[in-house]
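Naming follows writing order (A, B, C and D), and every chain is counted from residue 1.
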Amino acid sequence: MFYKVLPIVEKEVINNKYFIITFTNFEMAEQSCPGQFFKLKGLEQEFPILPRPFSVFKKEDSKLSFLIKVVGTATKNLSQLKIEERVALLGPLGNGFQIHNGKKVLIVSGGIGYAPLNFLRDGLNKADNEITFFHGGKNANDVFSKNIRIYTEDGSIGEKGLVTDGVEEFLSQNQIDVVYTCGPENMLRKVKEICEGFKTKLYMSMETVMACGIGSCCGCAIKVEENGKPVYKKVCKDGPVFDGYKIV
Amino acid sequence: MIDFKIKIGKMLWKNPVTVASGTFGLEFGELFDISQLGAIVTKTVTLHPKQGNAPPRIAETEAGLLNSIGLQNPGIENFIKTDLHEYRIIDTNLIVSISADSISQFGEVIQELERQSGIDGYEINVSCPNVESEGIIFGTDNKTVFKLVSMIKKTTERTVIVKLTPNLTSIENIARVAENAGADAISLINTVYGMAIDIETRKPKIKNVIAGYSGIGIKPIALQNVFRVAKVVKIPIIGMGGIRNTNDALEFIIAGATAVAVGTQNFVNPLSTLDIIQGLKKYLDEKKVQYKDLINSVNF
Amino acid sequence: MIDFKIKIGKMLWKNPVTVASGTFGLEFGELFDISQLGAIVTKTVTLHPKQGNAPPRIAETEAGLLNSIGLQNPGIENFIKTDLHEYRIIDTNLIVSISADSISQFGEVIQELERQSGIDGYEINVSCPNVESEGIIFGTDNKTVFKLVSMIKKTTERTVIVKLTPNLTSIENIARVAENAGADAISLINTVYGMAIDIETRKPKIKNVIAGYSGIGIKPIALQNVFRVAKVVKIPIIGMGGIRNTNDALEFIIAGATAVAVGTQNFVNPLSTLDIIQGLKKYLDEKKVQYKDLINSVNF
Amino acid sequence: MFYKVLPIVEKEVINNKYFIITFTNFEMAEQSCPGQFFKLKGLEQEFPILPRPFSVFKKEDSKLSFLIKVVGTATKNLSQLKIEERVALLGPLGNGFQIHNGKKVLIVSGGIGYAPLNFLRDGLNKADNEITFFHGGKNANDVFSKNIRIYTEDGSIGEKGLVTDGVEEFLSQNQIDVVYTCGPENMLRKVKEICEGFKTKLYMSMETVMACGIGSCCGCAIKVEENGKPVYKKVCKDGPVFDGYKIV
C-alpha cells in the first residue's frame, strides 16, 4: 500500500459515461492483484472531500489503469482531468479475488462491475483456468469488450435481456467450479441465488461507501456470516471480495 | 532548529500534532513512520466488544462527513491482546481513548488498562449516553463529568484528557468542570450532530439517522469552541475539527490550542499529519515566532 | 395543478417558501416579484435603532459564511415609517422579525407593531442576550422562553413564530417549551456559533470575534435539528440552514419542515426562492405526491 | 439592477495576474455608470460560495468588460473560465462616481483600482473634463495603459516610486478641482492626506467584503462621517464611491 501523487499518463474516453485513466508506478503496479482497488482524488479538487475507490482495471508492467463510470461529482471531476494533471492515489487496497488453478470458471459482470473482472481475467488466464465471461449492461454504451458474451437490456448489442438469464442457462449446461462476480446489487443477489443451486464456489466483489479505505475507521461495514453468525466485516480490508454465500 | 516540544499533562510531545480518535489505526504505519507524531490516540475502546451500528455508517455531505460507526471495537480485553501490543512499541506517546455506559464501567476500563504498560494517557470520550441517567450524554451534564473525571483521576497517575462534545449550550462550563475535577487537558471537538436524507428514497443517508458531522464544514464551530475554552481554562487544549493542513492547524493554535489533532483529513491524505508537522516548522521559522508565543495569540 | 398551500398559525401561505430574516430586503423587489413568496420575513427589528457591530462583519469560510451584523436596524419607529409601508402592500404574508434585550422590551416592540396593519405574524428571534438574566441567550433558557412566548401570545392575535438557536444542548426541550407557551410555529435554525482567524495577521476575520455561521456547511446540523423538533412538537416548522436549491429544501421537508426559508443562498442567487418554488412543484408533479404527505416522511 | 446568467463573449489574458472578461447584455450595459460594479460567479463553481464584486472596467454598446486580478480562489476560478462558459451576473450595483462638467480632474489609480477609473475616464471625457491620469503599481505587470502617467515601485516602467509621490507634486503645480481615486488602503489614506492640503473635491471608491451586494444584509458596513458623527454606511448601496474626506 502506497500513497502517491501521480500524473495521468493516458486517458481514453470510451463514451460520455465511461473513461479510462492510466498511471505509471512500478511499486503500486507490482503489488496490485485482481480485485484490489485504489482510492483516487484529483489533487486540486477539494470537493467532494473523500477520495473514491476504483478497482484496478488493467495492469501492464508499471502501468495501472482504472475504468471509471461517471455517476456523481467525484467521478465527474476525475473525468475532467487531462493528461499530466495530478491525482492522489492510495493503494493497492483490500483483498482481491482468490485465484485457483486449472478450474472451469465463469465471470459474471454487470455494468461498471466489469472493471475488476477484466483484470481478474488476466490473472485467471495465467493460472490456466478455462474462462467464460458474461457481461450485462443497459445498452451498448455499457459494453467494454466484444470478445465475451454480452447481454443488454435494450438488445442494442449482444442478447437482449439480463446477464443473469444467460447465467442460469449456462450453469445448467456446463460444469463450472468457480463463479466470480461484480455488479449492481440486484444482479449479485440473483447470481447468488442461481449459483446456490449449482453449488459452485462464488466470489463476489462488494461496494460500500468508504472513508479511510485501509481498515482503520470501520465505516465500510457489511454484514457477513461467520461461523453461522452475522458479523460486520470491513469491505475495504476484509473485502472487497467475499465468499458470495456469506453475504447477509 | 525549531523546537516545539509541548507538555500535555505528564506527557512530553515532540511536536504538537496528533490524530483524532476513530480516524486512525495501526494501518497508517504501513504508509509512514507513525512514531513521528507527537502522540497517537487510539480508536475509542469500551469494556465489552461492540459490533457497531448498522450500515450505511458513512455519508459525505456537501462540506463534510457524517458518520455513525457506533464505537465498533473489540472490547478492552481483545484490544489489550492485539492493538495495544503493537502500539506500545511505537516510540511516541500513546493515548487510549475510552468510553463506557456508566461511571463505574469507565472505572473498570481504566483498571484494566492500568495493568498494562506503554500507555501514556487516556482520552475520556464523553460523547455517549449514560445509562445511569436516562441516557443523557455524559459530556452535557456538569455533575456527571465532575464525578467521572474525579473518579478517573483517583484511579490513575497517567495523563487524563477529557474530550468534549460541542453539542451543548455552554462548552465553557463543562470545560471548567473538567479542569476542576483534575483533568490534565481537554480535547475538542467531537463531532457535531448532523443528518442527511436521500431525497429519492427518503431514507436517511446514515442508517442510524442522526450522525456525527466532521470535516471542513465544522471548522468554524470547532475554532470558536477552542477559543472560548482557552479563555476559561489553564490546562492545555488539543484542538480538532476540520483540520486539513498547516493553515487550519495554525488557526486552532492561535485560537488557543496547544496541540492539534487531524481526523477526517486522514481519509483524504493519510500523510497530512506529517505535512502539518513540516508546515508548522516552516511557519515558525519564517515568522521567527516561538511556538509557545503562537498559542492563544489572537490579535484583537 | 400542484397545490401546496400551507397553514402556519393563522396564515395561509400560497407556497411553502420564504426567506430567512436578515438575508433579504425590499431591494429584492427590483429583481423579482416578491409577492410570489409564501411569506416575507423582515430583518430583525428592535425597539431602539442599532448601529450594528464594527466591521468586518462578513467573512467567507471554506463552506459557509460567518456574519456578525449586530442586528443593525433603524429601530421600530423608523421601521414602521419606512420599510413597513412598502412591505404591507406586497400581496403575501408579512412576518416581522423582532428582538429585544428583555422580556418587557419585547412587549414594547410588539405593542408598537400591534397598532400597524398589514402584519401577519411575528418571528421571535431569541438568539440574543437577555440583560435581565446576566446576558444569557434567551433561546437557551426554558423558563425565559416560556415567559416570553406566553406574554407575546397574550399581546397579539397574530401568528407567533419562535425562531430557535441551535447553540444549545436540547433543541427538543426548548421547542416543547415554545409550543406549550402557545407558539404557533417554530423556525430553525438561526446561525451556529463560528469563528475564523487570518493566520497572517492573527486577527479574527470578524471583528466581533465569534460570529454566526450559515450556509451549506450548517445544512446537516440544521436538518437534524428540524428532524428532532418535528418528533416532539405538533406545530409547523419553518426549516432553514444552508438551503440552496430544491433538493436541499426537500431534505428539510422530508425531515419535518412544513415550510422552508432561504438565507445565505439569497446572496448567491437572488432568485433561488423562485427556483425552489418551481422545483418543488416539479418534484410533486413527477413523484405524484401530495405536499402534505411529503412533510415529515423519512423512510426508515 | 438585473440578475442574469451570461456566457463570456471575450476574454483577454493580460498576464498571469490580470485578465479581462466581457459579456453582452443591452439592459445591463445601458444602466451601468462609472464606479458601479457587478457581482460575478462562475455558474458551475460552487465554492467559494459568494459571488465577488467587480467594477465595470469598460462599456461599449451592449458590451460590459471587467478587469480582474487573481488574488484568491474566486478570482482564480473566474480566470479559468473560457469563452462561452457561463457566469451569473448581478448588477449594476451601487452608486458610481459623481461626474461634474468641465472641470480639471486628477485620477489616481493604484493596482487593480484602475478598473473603475478606466470606465470613469470615458464618462469624464464626455462631460468635457480635463483629465490627468496617474497610475501606480508594483511593477510593469500592474500597468494596463501606457497613455497615462505611470509609477512603479521597482521602476520597471514609468517613474520609480509610489504614485502618491507624483500626486503631491502635481497638485502643488496644478489647480485641480476634483480628484477621483481607487486603490489599496494605504494609497487612499495618503491621497486623502495630500488632497486635504489642496482642498480639492475627493471621490474615493471603497472596498469591503460583500454578501448581498444590494443593501439588504448590512454586511459591507464602513464608518463614514455624517453630520459630524460617525455612522455605518453600506459600501454596496451607499457607495462604493464616497466623499473621500468623510471616510473615518
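Of note:
The rule we apply is simple: a contact is a pair of C-beta atoms (placed from the backbone, for glycine too) under 8 Å apart; a residue touches a chain by one contact, two chains touch by 3 or more.
These numbers were taken from a predicted model, which means no experiment stands behind them.
Counting hops only between chains that touch, subunit B reaches subunit D in a minimum of 2. One simple way to say how far apart two chains are is to compare their mean CA positions; for subunit A and subunit C this gives 47 Å. Averaged Cα coordinates give subunit B a centre that lies 34 Å from the centre of subunit C. Mean C-alpha position of subunit C lies 36 Å from that of subunit D. Per-chain Cα centroids separate subunit A from subunit D by 55 Å.
Under the contact definition stated at the top, the residues of subunit B that touch 2 or more other chains are 62-64, 216. In subunit D, the residues that touch at least two other chains are 46-47.
Taken chain by chain, the contacts form a single closed ring in which each chain touches exactly two others. The chain pairs satisfying the stated touch condition come to A-B, A-D, B-C, C-D.
Every residue of subunit D that touches subunit A in the complex is listed here, in rising order: 46-47.
Residues 22-28, 30-31, 43, 51-52, 54-60, 62-65, 67, 69, 72, 215-216, 264, 266-271 of subunit B touch subunit A in their complex.
If you check the complex, the residues on subunit C that touch subunit B are 61-64, 66, 140, 167-169, 192-197, 199, 201-204, 209-211, 213, 216-221, 223-225, 227-228, 242, 247, 250-251, 254-255, 297-300. Contact residues of subunit D toward subunit C in the complex are 1-3, 41, 47-51, 88, 90, 208-223, 231-232, 237.
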